[in-house]
Amino acid sequence: MDEQLELLVAERAIHRVLCTYSRGVDRFDLELVRSCYWPDGTDDHGSYIGGVDGFIEFVAPALQRFDRTNHFLGNILIDVDLPNGAARAETYAVAYHRFHDADGQEQDMVAGLRYVDRFERREGEWRIARRVCAFEWRRTDPVGQGSSFADTYTRGVRGSGDVVWPILETTPAGTGRG
Amino acid sequence: MDEQLELLVAERAIHRVLCTYSRGVDRFDLELVRSCYWPDGTDDHGSYIGGVDGFIEFVAPALQRFDRTNHFLGNILIDVDLPNGAARAETYAVAYHRFHDADGQEQDMVAGLRYVDRFERREGEWRIARRVCAFEWRRTDPVGQGSSFADTYTRGVRGSGDVVWPILETTPAGTGRG
Amino acid sequence: MDEQLELLVAERAIHRVLCTYSRGVDRFDLELVRSCYWPDGTDDHGSYIGGVDGFIEFVAPALQRFDRTNHFLGNILIDVDLPNGAARAETYAVAYHRFHDADGQEQDMVAGLRYVDRFERREGEWRIARRVCAFEWRRTDPVGQGSSFADTYTRGVRGSGDVVWPILETTPAGTGRG
């Protein structure tokens, strides 16, 4: 059972990195994105292929072209090689990108892909050593009716204003957004 | 390793509540929805902000406006504070709502959001103390061709007729729906 | 805590089967699909209802009608009955199917469903004994602009050429696709 627990702990750590990547990209917290990779890690995004420093430089203006992004993760299948401190992770993703086109029309560009990752464990920590994005499909559709939110809705935002950061602060029970 | 196992057990409990919420909403089992919250829990859905009793009253007619809903969950990132019995959970969701509009046209309203939750552990049980829905995007599209199912297809239904309830009953091997 | 760990280990095994099914279908590795079921297992797909051998025969030409498929999994709620070696798993899925219609127009057929499974443990291994697909919704939409990828993009492919298979092979750090 000890090896089973070790596997569970390793997979949990890898799972957290995968979700942290989405949080970093969608909240535009680029240091959080960087923390998912080893300093010598690589990323093959198709539109960018190279090391992590270059990836962070690439991704900042790439993200700013969109009003918002939403990197939605599904299936995560992780094969950990405990003795060698390496793991393969295959993560299904649907990446939603909302933007205004040159004519001011709202559009959704949605891509289906898989993050195919080699993770490495160094000094007990798991991070991405090599990521390849395997693209499945993509489509772009204009946004029509029924896309707006009333003022009472909390919106996801980039940066420190998002509700994910303060949610653990104590608030009086029953006061809602308080 | 003991604390690692405690974390895994807490995260498993929280993960179950998150999925149970979707099951409750999509099968229209409102007591199952209620069981995900502490009695003094709050929900900020934008269209409703307040306590759980009010939320259940609000959600029943809101759901009935739709032919069916499908609250699809992706990334789940849970930060458990074991000593304090509290946790932050960020859960990506795409909520599919199918309905007929005033002209009888089938429509899909689809919303991308994150459930941002404060969970609390009380007497060993984890439930939602405070939920904020952080909305990312929404779109509504008419349903065209290729949307119908032949009679041989099992459909998801609201209430006790759904196949999820009896699936564990023993059926003779090889007899299919038996 | 021992029973908690046993539950975690059982759920991990079941989770792996669920993701392996998608990998098998989407990479067109039909023996991988078959390995998810017991030999006397059954599948109710609506378009096919019966045993696993027949399902594999059915699914091969069904998949070949599509240019590519992407079986994206969300919520997974597993109820393990340890003493009886059985489990219920409810898995939300959105299945993306891209194809060219008779007029050569690219189309996306997308279906929302739940895999409702009875898993059984035999000699320590968990596989599907009975699967019912509970269909929620379906829609088909023509693919317009913004759907193509430049040549530098890695694409998901069927068969042994997909990047998921070699990702764990050692590559020099920093060389990208190397």
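For reference, chains read A, B and C in written order, and residue numbers begin at 1 within each chain.
In the analysis below, a contact is a pair of C-beta atoms (placed from the backbone, for glycine too) under 8 Å apart; a residue touches a chain by one contact, two chains touch by 3 or more.
Keep in mind the model is a prediction, meaning the values are calculated, not measured.
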item: Homomeric contact chain A-chain B: same or different residue positions, threshold half; value: different
item: Between chain B and its twin chain C, rotation from the CA superposition, multiple of 5 degrees; value: 120
item: Chain A and chain B: spacing of chain centres that average the CA atoms, whole Å; value: 22
item: Per-residue overlap in chain A, given as positions that touch at least 2 other chains; value: 5, 8, 74, 141
item: Residue ranges of chain A touching chain B (in the complex, touch as defined); value: 2, 5, 8-9, 12, 16, 18-20, 22-23, 26, 68, 70-74, 96, 98, 108, 141, 143-150, 152-156, 162-164, 167-168, 171, 173-177
item: Touch list for chain C against partner chain B, complex; value: 1, 4-5, 7-8, 11, 40-42, 44, 46-47, 49-51, 74-77, 79, 81, 86-88, 90, 92, 94, 107, 109, 112-114, 116-118, 129-130, 132-141
